[in-house]
Amino acid sequence: MEFYQKEIILPVFTRGYHLITDVLKNTIINELRGIKVGQFQAFLKHTSASLTINENADPTVRLDFETHIDKMIPENMPYYQHNYEGADDMPEHIKSSMLGCQVIIPITKGELNLGVWQGIYLGEHRDYGGERKIVITIMGVKY
Amino acid sequence: MEFYQKEIILPVFTRGYHLITDVLKNTIINELRGIKVGQFQAFLKHTSASLTINENADPTVRLDFETHIDKMIPENMPYYQHNYEGADDMPEHIKSSMLGCQVIIPITKGELNLGVWQGIYLGEHRDYGGERKIVITIMGVKY
Amino acid sequence: MEFYQKEIILPVFTRGYHLITDVLKNTIINELRGIKVGQFQAFLKHTSASLTINENADPTVRLDFETHIDKMIPENMPYYQHNYEGADDMPEHIKSSMLGCQVIIPITKGELNLGVWQGIYLGEHRDYGGERKIVITIMGVKY
């Protein structure tokens, strides 16, 4: 039974949804390759962005995510009290909890056992979010 | 410390929410029975369906899930760009990320340690979703 | 590799969102301190409340959560069939699945490796929810 952990800093992303599967995987690729069966966790240390799993091919999915989720959780609702940092302040927090701040993926034979169409999205919910920290933990049985 | 993993294919379900606790549990029942304390993960390898935990008794909960979540994430929004596979194409992806594609449940004395009223739902968000693959992983300390 | 598990009962909370990071952590603080690298899970055994991670400082975030999520998932929709226990009955179930019934956090050097602004919220979605049971599981490598 092995346990590895690494904290990384993502480059700055624009507001919206971004595929980061390879960025995360490459961070810990050597340790991952050695795991026969296990679990991978990526945990985002922020409350104004999110991690989720969705379609890894067509960029219009990510555009429609931004458009529709902005309708579900809009800016400038008259009842928001928490808007010190701008119109995106309160919606970003609700989006983060609705989508979640982490992904947990089974490891099988040294690979993330994702479906053919699955990838990891960073949801950047701030207009200017800055750098984002992620803790990657993998555990499992070695070959 | 033990690690078991199995990939299964669910039978085809109709659009809506379906209780699949026993289907998942029975897949790995012998290994589960041997774990004193641990963790169970079911991971769905699709971006147009979901796994979540909710009420395991009254089927009207599952019907109301379908009705209300279809209001929150409707079909045919004029701004959807990703609708190549029909009106259910984009909503299915958003539902999958909002509800999640996995459940992780503590194992205690050889059982899934769920609350009395908790069960595992498959959310089938496509009109014709077909077969769905799930990776089940359990880990923990044996008796 | 160590595995600890404990089931606790939370005190009764009013409807809304409540910071419970310290309550959960203190339950298992001695075992946590001994883990060099690992994982912490808190699993809520109910379908009418939720656990999520969000901003740990300003209480207006928690107030705006209640206000806006009540708009997304309102009471008294004419199409709800599941309302035997009152107007909060069906919305509470949908909220629980949208926010999730658990949090999983990496452990690093005997601490929950949360971001500076992250805390654990209990979402109490019932008007009178009563006591809530949580299973806490930690696993990892000891010092």
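So that you can tell them apart, the chains are marked A, B and C in the order they are listed, and the count of residues begins at 1 in each.
By definition in this document, a contact is a pair of C-beta atoms (placed from the backbone, for glycine too) under 8 Å apart; a residue touches a chain by one contact, two chains touch by 3 or more.
Keep in mind it's a predicted model, so treat the numbers as computed, not measured.
For the touching copies chain A and chain B, the fraction of interface residue numbers used by both falls below half; the interface is of the different-residue type. Its C-alpha atoms fitted onto chain C, chain B is found rotated by 120°, rounded in steps of 5. As a whole-number value, the distance joining the C-alpha centres of chain A and chain B reads 20 Å. Annotation for chain B: residues 1, 72, 98, 100, 104 touch two or more other chains. For chain C in complex with chain B, the touching residues are 1, 3-5, 7, 41, 43-47, 72-73, 77, 79-82, 84, 90, 93-94, 96-98, 100-102, 104, 133, 135, 137, 139. Residue ranges of chain A in contact with chain B, taken from their complex: 1, 37-39, 52-55, 58, 60-61, 63-65, 67-69, 71-72, 98-100, 104-106, 108, 113-118, 121, 140-141.
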